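Heads up, the next two complexes both have chain A, just with different partners, chain B and then chain C.
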Partner chain A sequence: MKDSLVLLGRVQAHPDSRCWFLAWNPAGTLLASCGGDRRIRIWGTEGDSWVCKSVLSEGHQRTVRKVAWSPCGNYLASASFDATTCIWKKNQDDFECVTTLEGHENEVKSVAWAPSGNLLATCSRDKSVWVWEVDEEDEYECVSVLNSHTQDVKHVVWHPSQELLASASYDDTVKLYREEEDDWVCFATLEGHESTVWSLAFDPTGQRLASCSDDRTVRIWRQYLPGNEQGVACSGSDPSWKCICTLSGFHSRTIYDVAWCQLTGALATACGDDAIRVFEEDPSSDPQQPTFSLTAHLHQAHSQDVNCVAWNPKEPGLLASCSDDGEVAFWKYQRPEGP
Partner chain B sequence: MKCEHCTRKKGEFHKLADAKIFLSDCLACDSCVTAEEGAQLSQQNAKDFFRVLNLSKKCDTSEHKVLVVSVCPQSLPYFAAKLNLSVTDASRRLCGFLKSLGVHYVFDMAIAADFSILESQKEFVRRYHQHSDEQRALPMLTSACPGWVRYAERVLGHPVTPHLCTAKSPQQVMGSLVKDYFATQQNLPPEKIFHAIVAPCYDKKLEALQEGFATALPGTRGTDCVLTSGEIAQMMEQSDLSVKDAAVDTLFGDVQEEVVRRHEGAGSDGHLAHVFRHAAKELFNEHVEEITYCSLRNKDFQEVTLEKNGEVLLRFAAAYGFRNVQNLVLKLRKGKFPYHFVEVLACPGGCLNGRGQAQTKDGHTDKSLLRQMEGIYADIPVRPPESSAHVQELYQEWLEGTDSLRAQETLHTSYQSPERCTASLDMKW
Partner chain C sequence: MERVSGLLSWTLSRVLWLSGLSEPGAARQPRIMEEKALEVYDLIRTIRDPEKPNTLEELEVVTESCVEVQERDEEDYLVIIRFTPTVPHCSLATLIGLCLRVKLQRCLPFKHKLEIYISEGTHSTEEDINKQINDKERVAAAMENPNLREIVEQCVLEPD
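So, the complex of A and B:
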């Protein structure tokens, strides 16, 4: 397990501040990072090293907490503590802020694009999740304001293929939403975590959802459709989501992020104990009760809390991570061979 | 309201939720309701109402008040549905019940809405003419909904407040009618009257608190207490008094024997429909027969246009609910606002869906009740404000004319634009 995660390089992405989040563009050629210095940086390769291609600095008045690329790769959305979400349009190496979405009462914690490219979701410390629609003329409209959570909402993520939205909150739950008539509704609440749920990731098929928490566990939830073979009860025509696996005892502090590789199925975690871990599903395990093994554990991946891990969408095994120490690191993960 | 299910971290709003006070989503942020207001809101309830009723029955006549209750038009369909009566019979039953408790006068608020609409009509035409010189004259946004108005004043501030119609809401006009006109007619000092309003929502309780009272003595509010339709219904259920149906009173000292009437529109006070008709006539000499509403993005966002020879002369909209309020604001900020006039309400589905009447115990809309109320409301005959002889009389008798200074002072208000509050702490979130 020792050499399964190898360091490729580090960059000081956000000097004297935290680096909060990373996002690879759909082509896998660029990495966006954002941080406490209120800036967004775009990184690309030049030979063997990673260099800063652009700095987006005039967008936000406070920390930028998350960034997300549109499915087409031409737009970048940024969520900030200044209560706004900026939409940037890419023009080669330049980015221009084309819209600022306002309305949340306070810090926006996350932003995510739906795979269709027409919908955007944001969530905030004001406990709400908003769904926005964008039209052909880059005009945005608020479609729904969802007030299901009872505390700060930390993260939102879209299902890879269905128009289904998931949110994670300080209220210890994960909630799932879908469209109903001209509005969105919460159709499921996933309970089980014993503390704040910080992040979420769907597996490549969208059948399963991973959540990570301040309770130091990762939980895997599985979707059961009405009429499923396993006899899991469903209410009406909505699917049920059940917790089928809990990874506990591996992390010694809060787990801030979880990332599910869409190419290999490997699961990476970012932890407050400064380490990065990778898990893989045991191929012989029962799909209804899978087991995951720890295949990489890198202590001191950073000198402070690891806030985010992100798998490159095109290059298997390429992982990026960032930390409170302001650095971004690049890693090569190789599944360990052997008996 | 955002926090009715919360179990941890009790903040100000949780206290309101515990007291079963459910404000609209527009009022859900900390800027909108102060702790003091929260405490005062909690006092507007059945208990307080009974306290005043009881005081008026005791020996100490100095504590006696003349008890007046005004009923919002959107509350009547609720009582009709709950009591399984026609709207007119429900109105008589409600009036009879209130009088059996000791209330002296029960009024219908349609007359107050008449004033509010007539003033809004004149204001829109004035703003339309001013627009060529003064950009901010249009669009005009209605201000009858207290949830929307407070959100606009406290959160949105300056880009929005100049667009708010200055005509007072029906509730505020009713306050003036009762404590000024009626008090004078009855030879009573205003503080001798206790004025309660039956309303479909809790936001109106907040409106009663903040509304100043320009013309008469300071220290007197137009409305002393707002009770929701649900709170009254609960009082009716818990009471074992025998009730004799009674006709509502009028401000002129007699009783109203005619059937209940409403203004045009589906559960709002009717500003959009009546301002549209008036503007079409005044500005373009067009007589509008039937108004066609076109649903846009969702059923709570509707558009009404006046077209002639392929040209759009007037473009009005109705925007209900928080998400549509957000979209309006987005358009205003961008400077790409396509409407001359927007009727804005905080509650999706309009006033009939107010949280004081259409909500189930767990905070969701009772859809079948709402549909029933919509049907009942639609069947009530419409009477345009222009055709009310009583209103014209009042303009002359009470306000010294339709365009007098007194009319302007009594029937119009102004809005505050405080600085936007920005959080300055940079905590680790």
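So, the complex of A and C:
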């Protein structure tokens, strides 16, 4: 298992501070990192090494917590503790802040683009989730403020193909939202975690959702549509989501991030015990009660907490990770051979 | 009363460690944990209370026995601190938790993970406070608030 995750390189991405999050652009050629130094850095390859192509420094007054690329790859959104979200437009190696979205009462914890490219979601310690619409003239308008969570909202993520939004919170739940008539509504609350839910990831088909928590577990949730064969009860026309698998006993501290590879289906986790782990679903397992095996456990992947793991969208097995020690590391994952 | 029960549980755990003397290297451990715990205590006892002109040690907010150190791995430790706030006021307890975390983050020389808790039974909303002070994102954001930061800096300032 030691050889299934091999180090390709490390960069000191955010000197003297922590690196909070990473995002690959849709083409898989650039990696954006953001951190406690209030900067965003764009990394690209030059031969065998990763070099910093751009530094975006004038956007935020406080920590940049997350970054997200638009589906077209021309825009980057950044969520900050300064309560704003910046939208940056890419022009070759230059990025220009074209809009600043305001409205949240305090720290913005996450930002995510819908696959259509027309919608953006943000969430904050103010307990709300905001949905924004973008038009052809790059004008942003808030179309919904969702106050379903009772505490700090840590993360938002869009479904890969439907206009369905998921949020994770300090209130220990995951909530799902969709558009109904002209407004957005919360149609499901996923309960089960025993502490803060830090991150979420949909599987390639969007039928399953992985959540990771301060309770040191990863939970896998599955969507059941009305009239499903398994007899799972649904309320009206809304799908029901059930927890079908819990990965416990693998992580010794808070799990800060989970990433589901859209190419291979492998699940990676970023943990506060400084390790990176990869899980794969057993091929013979029952889809209603799947089992996952630990296929890689990299002890001391970083010298401090691992905050984020991100699979490259084009190159199978290429994984990036970042840590409280300010470093970004690149890994090659290969599913181990054997019985 | 709190201090006595803390001492008792510390002594108990020490006896348990010592009872593992038959394992090679086990004899080394209790002394190292004690030394590490003292190193931690030496750093936190001089922290000033946010409200009163006294140190946390003087006010018995922290005591030697309130620090526990466990070995997670080689040269890597888990530090657990259970402090007793002087008044059952939520924001002060959170502030003390913040000061403890910042002081140790900056000054503790050995590799460690840190957990801070309010000692059991001393506060009505202790679960809420414990959750906040152990959420590193909340701690980081709080330290970017200039007013809060100023208070913390004053409290952790090394005595002349």
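Note that in this section the second predicted complex is superposed on the first by the 339 of 339 C-alpha atoms of A that agree within 3 Å, B and C clash if a C-alpha of one lies under 4 Å from a C-alpha of the other, contacts with A are read in each partner's own complex, and residues count from 1 in each chain.
Rule of thumb we're sticking to: a contact is a pair of C-beta atoms (placed from the backbone, for glycine too) under 8 Å apart; a residue touches a chain by one contact, two chains touch by 3 or more.
Predicted, not measured: the structure shown is a model, and the values here were computed from it.
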Which of chain B and chain C A:Arg39 touches, first, second, both or neither: neither
Touching partner for A:Asp126 - first (chain B), second (chain C), both, neither: first
Chain B versus chain C as contact partner of A:Arg253, first or second or both or neither: second
First, second, both or neither for A:Gly272, with chain B first and chain C second: second
Touching partner for A:Lys90 - first (chain B), second (chain C), both, neither: neither
Touching partner for A:Glu107 - first (chain B), second (chain C), both, neither: both
Contacts of A:Arg216 with chain B and chain C, given as first, second, both or neither: neither
Chain B versus chain C as contact partner of A:Cys142, first or second or both or neither: first
Partner chain(s) touched by A:His60 [first = chain B, second = chain C, both, neither]: neither
Chain A residues contacted in one complex by chain B, in the other by chain C: 62-63, 65, 81, 106-107, 109, 125, 152
Contact set on chain A toward chain C in their complex: 18, 36, 62-63, 65, 81, 106-107, 109, 125, 152, 154, 170, 195-196, 214, 252-253, 272-273, 303, 305, 324
Chain B residues within the chain A interface of the complex: 2-3, 5-9, 25, 28-30, 155, 297-299, 322-324, 326-327, 329-330, 333, 423, 426, 429
Residue numbers on chain C that touch chain A, as the complex places them: 72, 111, 113, 131, 135-138, 140-141, 144
Touch list for chain A against partner chain B, complex: 62-63, 65, 81, 101-103, 105-107, 109, 125-128, 140-145, 147, 150-152, 171, 182-183
